Amino acid sequence: MDVLSLFVVVPVLTVIALVWARDARQVRSIAAVGMGVQLVQSVILLFRYLQLHAMPGATELQFQSRTLWFSSLNISYAVGVDGVAVAMIMLTSIVVFAGVFASWEVVEQAKEFFISLILLATGVFGFFISQDLFTMFLFYEIAVIPMYLLIGIWGSGPKEYSAMKLTLMLMGGSALLLAGLLGIAFSAGAQIGHLTFNLQEIEQAHIPMQDQLLFFPLTFIGFGVLGALFPFHTWSPDGHASAPTAVSMLHAGVLMKLGGYGCYKVAINLLPDAARELSWIFIILTAVSVIYGAMGAIMQKDLKYINAYSSVSHCGLVLFGLLMFNKASVSGAFLQMVSHGLMTALFFGLIGMIYGRTHTRMVDKMGGLMKVMPFLSVAYVIAGMASLGLPGLSGFAAEMSIFVGAFQHDDPFHRVATIVAVSSIVATAVYVLRAVAQMLLGPVTDEHFLQLKDAKWQERLAVLTLLVAVIGMGMAPLWLSDMIGGSVQQVLTKLQ
Amino acid sequence: MDYSLSVWIILLPFLAFLITGLAGGRMKAIVSGIIGTASMAIAFVLSIMTAWSYFFASTQGAEGFAAISPINMVWLRFGDTLHIDLGVMLDPISVMMLVVITTVSLMVHIYSIGYMQGESGFARFFACLSLFSFSMLGLVVATNLFQMYMFWELVGLSSYLLIGFYYDRPSAVAASKKAFIVTRFADLGFLLGILLLSFTTGTFDFQTITNPAGPLITQPSSAMFMGASLTTIAVTLIFMGGAGKSAMFPLHIWLPDAMEGPTPVSALIHAATMVVAGVYLVARLFPVYALAAPSALQIVAWVGGFSSLFAAVIACTQTDIKRVLAYSTMSQIGYMMLALGVSGYGGENGLGYMASMFHLFTHAMFKALLFLGAGSVIHAVHSNEMKDMGGLRKFLPITHLTFLIACLAISGIPPFAGFFSKDEILVAAFQHNMPLFVIEYIVAGLTAFYMFRLYYRIFWSDSEHSHDNAHHTPHESPLVMTLPLMFLAVASATVGFLPFHELVTSDHKGFEAVMHWDLASASVLIGVVGIVAATVMYRRSSTLPDRIAEGMKALYTAAYRKFYIDEIYVFVTKRIIFNGISAPVAWFDRHIVDGTMNGIAWLTNAVSYRIRNLQSGQLQWYAFVLVISVIALGVSAFCMIR
Amino acid sequence: MMWSDVFLMRNEVLLTIAAFLILCVELMVEPARRQRISTLGILFMAVITVVGFMPTQSGVLFGAMYQTNDYIALMKAILNVGTLVVLLQSVTWLHKENNQDKVSEYLVLIFSTLIGMDFMISSGHFLMFTLGLELATIPIAALAAFQKYEARSSEAGIKMLLLAALSSGVTLFGLSFLYAATPGGSLYFADVQAAAQPSTMFTLGFLFFLSGLAFKISLVPFHLWTADVYEGAPINISSYLSVISKAAASFILVIVLFTVFRSLQMVWTNALAVIAVLTMTIGNLFAIRQQNLKRFLAFSSIAQAGFLLLGAVSGSQLGMTSIMYFMLIYVFSNLGAFGVVSAISNQYGKEHIDDYNGLYRSNPMLSLTMMLSLFSLAGIPPAAGFFGKLFLFGSIAQHGMYTLLIIATVNATISLYYYLLVVKAMFIVKSDTPLAHFRSDNWMRASLVVCVAGILVIGFASVIFDSMFGISIGL
Amino acid sequence: MFPDIPLSHVVIVSTLMFFIGVYGFMTRKNLFAILMSTELILNAVALNFVAFNYYLYPDKMQGLFFALFIIGIAAAEAAVAIAIIVAIYKNFRSVNVEDISQMKQ
Amino acid sequence: MKPVLFYVMAAIILLGSALTVSSRMILRAAVYLLFVLVATAGIYFLMDYTFLAASQLTLYAGGIIVLIIFAVMLTSGSGELQPKVGRTKAALAILASVAGTLTCLASYFAYNAFLPRTVPTDSSVRAIGAALVSTGQNGYMLPFEVISVLLLAAMIAAIIIARRDAES
């Protein structure tokens, strides 16, 4: 068995072990161990990748392996990772690891909870290692569907509505996506003479322009729905608001990245001509979504809504960066994915922890929490600062890569769009600081808050894991950026 | 000489920040203060050494003081030439800034040990102070625009944290937020400017951009937008960033509110160092302004000039001593901007540039002193309001004396430092732009007037009920606080004699400065007039000021209300942005976008409900549908075949 | 007739023997022990299922009245498996007081319908097709009316029977036109295939004929009987109808389209595309509102038939493979769902969706089975339905009908909605009085295990699909 | 009969009979009447087969056999239908088709 | 003679059919149906398909109609008038039927590729009998077996539904 399959096997084994777990204590220990192993092996993968990649003549794609699966359709289980995927895997394992600790106190049907959670993670890992359209889609669906139960059973508020809405919108997206993927496979198959779902082989095919023009919107919107592409983002606020903490973390932190990754890996990579042709539509949409999400966030009172809209804005930026077809901006988009994944997971984790104490998520009902729970509050401020792109935290490098890259375009249209997107940094500051000021600073508004305790050890662990990652990436983004940049180069040459 | 030690000037405060920030809660409060101060002291010594060796110990080449980068490493790569570097660049202005920052910062650190004693967030305070010093130092030694932007943001953050130091005080929280957001808005301009500039030049590197023989300056970009070249637009946008940080009109509104922070912070950040970052930025890119975008430089000049007048007028009416100082700061920075704006490039032409930097330097000293003095006063009476003060000269002798020196310095009375620098500015303005000179001349008088108004209201004008609400008799501050006052007083009195025209010039080459005695005496004259007026009005408490205020009621009220700029801002943000854009966006999202999505679901359900009677349960209806469908199939077959 | 010929007809022959044996046994045992016959029936069916999977050859018997080959044998094997599962699920119900003296009749009728279906699939002549169709219909109508003291059961029976009669009347009328328009006057498949041209009369006849199959597969707009019959009929009959009967009709549909009527591809591609869209959409729209689970599954199975049709529309080898593959999966998924409904209905007589509220708390295994089955129907991995649906969509994509493909995928999403409603009831909605925990009998459990195993294995075991692909044909 | 009477006349008769049967199926309320309509339909079909056989392909007897088997099918159908209708009558106390609509929508 | 006979039969068929579907007395309808079936058998006779005609008479006319009549008498007051048909329903039904008729006839008349009549083969009872047990080309042994299964199944089906249960 190849190395990468371990990333699917370990979670699956964890799930199987969970089935036999007896009580909540065992459940979370198993989950923690499983995801700990996952984290460790992704760190190993990272170093190993960097090592192999540094060798002379090394290809971007490493650890490749391919096993024929459905021979009649030439579908294979093909895996391999490039720098981008490694970064995504790293992100995923960090967030999942933190997520397990953030949901330490789930007692009601704990076993089911962790099983669903880890199944979701399995899908995500599988998606990132896949080099075959079929398995990619398979894992994609596996990642999406546990969401329904996770929100529906363990969520809060109008959870049934939100869960259904989220699931249906995402699956609606995946319906378009499926149409696009199949179209790509068969159209490419017709060009190269034999049917194939393998990404590298399809990359070689020149899909006719007419087909590309159809498939590109399908796949881009299909993945874009998950990437919160305006105007298909509305599952996000409701979904996040209702989801339990760890689920929001995983969803915003990792799952939404599937969207962006897919847009890049499938829509842009496989359909470069149409991408060039049609990118302007989506550039407009994403530029709008960047500023729109930020504007929408300003007026929200519910912390999760604030963060959900902020995610719309940030994920809009991801797609925006991808569509700029420029090395800096595309690698910036991936940096932004990682960064947003980490900080939004941090955000949602913190929101969950705060909510668990104050029993409200309404910003105007809170105040002065800094005094009561300094650890969580400081972490929240740091997350907020990361969100508004403060240098030294992860967001800055990402956003700047996107902006600088995008602005190097010769076409004034792209530069104007960039200016629109850049202007979001002000609105971001507004909503982040408003929330911080209302909620954490100022006098303690409710004397009941004075009794509240600061974070417990598992919460600290979860928060610290993410904080270290956010700060680490913010301080030294170069290696990550170079690792990603190397891998996107190949795709970009097709787009020139 | 080897300047690699200079890196430690920046790193030391950072280490101090890490230590006090992470472990501050677990150590005794005073320890964190000592760590911060010690690191700052070492940095101070190092920067003095650096400055000495840079200016005096090294030989000056034909090109003047060469820029030296002892360290420069790539931090983030965007492309072949586009990359963010982190490094240290030493050239006259950065070395000068190192001295200014470490000096003031060290003084403030020492002062704060006394001032902040017993505060619950002592360690946090020092951590933030160290963070600020680190960021500010990093900013001035930046080798490229983007590094500058990064540290620019970081100083914004530290400013935010320090303004909001008393975070349980709603006003402080609001002020910190306001400061951050306003400067952030300005930074948007800065960032766009950087993007634009990098688009035209393909680099962020200062040395390349500002090279007078470089492509940006020698081959001005032909691309025009709205009648201005891209370079002009770019540097104007960059100036917007500078204006935000330096509280130039109309982006000044955060500065007065920022006085909510502890007074040492105001001294360090909002008087001496951070707020002059904008000036520094323009100075940094000065060759571009002067040679490639003269119209942008005009903007700089007029914004600076207007701001200085505007702030000076307001300063005359304010009663909160820190606010008076804040407006005074704004006014003085306006001076510096103006000086840059009226300057040319190279040699004598660059007098304004030199004057600006000189004023920056002297201003840092005396304004820090003023603030620290004010802090000492506040420490004594526990109030910021003038009405709670008066006659304090008896109780606070050292503070009084040092404060007086600072007032004299800022009023441009020789031989104090301000005289020299201000005089150079007036000369530069006089030579290049008469209207601005007139404005500045008036401002010089106003400055003297409001400073001495302040001075008298604090230390003289006894009123019988002024100390009623004081808990105790005011007393002089401890040595740890007065020592910095004294040091800065000495500095304020002496630094004017530094030969700036030989050291800090637009083209890094010294020139011979000529003393313009006529202008100098005129400026002293106006200063004296201002002082006299203030003496008449405020030496003793009298009704004269009220009567005068009554006489120009409209102007007075407008000035007292800061010309309603805050109200306009509130209107724009609350009414237009929040209620006019953001709320509609939120509504639109919930009702239109989401409504569409829900509408699709609703429609599906509605259709499902509508067609339910297709399944009527009536066998014969089923039969009818079956037959009709078969026939329809048949008919369609005809169509297909034909 | 040689033994090898008998072996070619092994399904039909064995089933006939089994039916007769059961009738004989019925006569011999005393009434009190007649229940045991169900075991016997299951045993027979198991044997037949196993034998059905034995390798076989192509062959033509009775002067081309009967034909068989690899894929036909495979189709029959699929039907066998399904029937076996249905029988396993019927035991509880059969052993109820009202039914226990009708066990053997039940088995005989089931067997005879299966014989009919086998003949239908294997037919080489339209007469055989007609007879198979009728044999596969008339006894089922009787089975639907099996619970004669229940008005709903009778209603289901009569609705099915009369509409089937009308439909077969239309079919036969079409066949008569086909007959007229086929030069040579022969209705052997091979002859029709050779003579087929898209003339008016021939096409009309073909379409009338098609409507008969559409009725059987319950394609919109010939589906209206489906829901009423499924609701009224005993659950196991509904599941038999929804799976086996539908599968058989789909198989013969593919066979005739791909062989006999291949020259009419232009006609049926378009007609079926429209019907497929209608079927998916209408099926979904009705399924959304259903509260009775049997009725719900009825509409769901209508929608599923719409997806199934995509494979036929494509007219390719992949399409045919996908149809068989999808049907195999569908057998397990739908029978899994029906099995759970049946178990609960047998125990509590409850079929309303609200009765399932909080079921997971009290009956986790049943709920999980149900969820897995529904996910399989919805096409969610790792359930096999995902693979089935994906390959069906793939066949359409291969054919380049992207509009249809998008409509289909969107419909798949809509279908997810109502499947999730059931999942929601079981897992999410809290209930103060969930149905109490119970153990269903071993037969039922065995059947559910088979279904779950099928759902989990068929998708990932690519060898199944690949071998099907190897024996399929395309235009 | 051939060639005195054209095939079309027979076809017209059978088609009319067929659709009269269809009409009856759709309008008659009594289940037995509906059953009779189906008999009409099947009879029309049988006539069709026979006519085509006779007029077009008398060299093979396929139409005739078809008709023969259709009669058998009709018989089987009628037998079961009658049984069910009787059961319906027991349950509903009616053989009016419009009453037999407990299940709908 | 034959043409006249045919048209008489045709007239009986059409009239009988119409009356079958419109008579408000259910037993009369059954009798009209009987006329139709007999007339159809008559046409078969005209075509010299005597075996078929005989089967039609015995199975259809003799068997099914009698069965129906018995059942009718068993279930309802055979004398009662059937309710009138609703206007809409009738209109829809007529629409469907007329449209159907027109479509079918149109397709028939539009088709003009009928080959000339082939040479008739032996249609005697013997020949039919032989074909029914033949397993070769144009042999109908298998269908014959299948329909026997069908009839058996129908019988069983009818029995289980119609028979009186032991306990009830």
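Order of writing sets the chain letters: A, B, C, D and E. Residues in each chain are counted from 1.
In this text, contacts are C-beta pairs under 8 Å (C-beta built on N, C-alpha and C of every residue); 3 or more make two chains touch, one makes a residue touch a chain.
Please read these numbers as outputs of a predicted model, since none were measured by experiment.
The chains touching subunit A as well as subunit E are B, C. The central chain of the assembly on a C-alpha centroid basis is A.
Chain centres here are means of the Cα atoms, and by that rule the chain farthest away from subunit A is E.
Centroid distances from subunit D, each centroid being the mean of CA atoms, peak for B. When chain pairs are compared by contacting C-beta pairs, D-E ranks highest. Distance between subunit A and subunit B, defined via averaged C-alpha coordinates, is recorded as 37 Å.
With centres taken as mean Cα positions, subunit D sits 27 Å from subunit C. We define each chain's centre as the mean of its Cα atoms; on that basis subunit B and subunit E are separated by 101 Å. Subunit C and subunit E have Cα centroids lying 30 Å from one another. In subunit D, the residues that touch at least two other chains are 18, 21-22, 25-27, 34-35, 56-57, 59-60, 62, 65, 69, 73, 76-77, 80, 83-85, 87, 100-105. Contacts with at least two other chains are made by residues 89, 92-93, 96-97, 100, 103-104, 106-108, 110, 114-115, 118, 138, 140, 143, 147, 150, 153-154, 157-159, 161 of subunit E. Of all residues in subunit B, those touching 2 or more other chains are 612, 615, 617, 619-620, 623-624, 627-628, 630, 634, 638, listed in ascending order. Pairs of chains that satisfy the touch definition comprise A-B, A-C, B-C, B-D, B-E, C-D, C-E, D-E.
Put simply, subunit C touches subunit B in their complex at residues 158-159, 162-163, 166-167, 170, 198-200, 203-204, 206-208, 210-211, 215, 221-222, 224-225, 227-228, 266-267, 270-271, 282, 285-286, 288-289, 414.
The touching residues of subunit E, counted against subunit C in their complex, run 103-104, 106-108, 110-111, 113-115, 118, 134-143, 146-147, 149-150, 152-154, 156-161, 165-166, 168.
By the touch criterion stated above, subunit B contacts subunit E in their complex at residues 620, 624, 627-628, 630-631, 634-635, 638. Residues of subunit E that touch subunit B in their complex: 89, 92-93, 96-97, 99-100, 103-104, 106-107, 110. Looking at the complex, you find that subunit B touches subunit C at residues 604-605, 607-609, 611-612, 614-615, 617, 619, 621-623, 625-630, 633-634, 636-638, 640-641.
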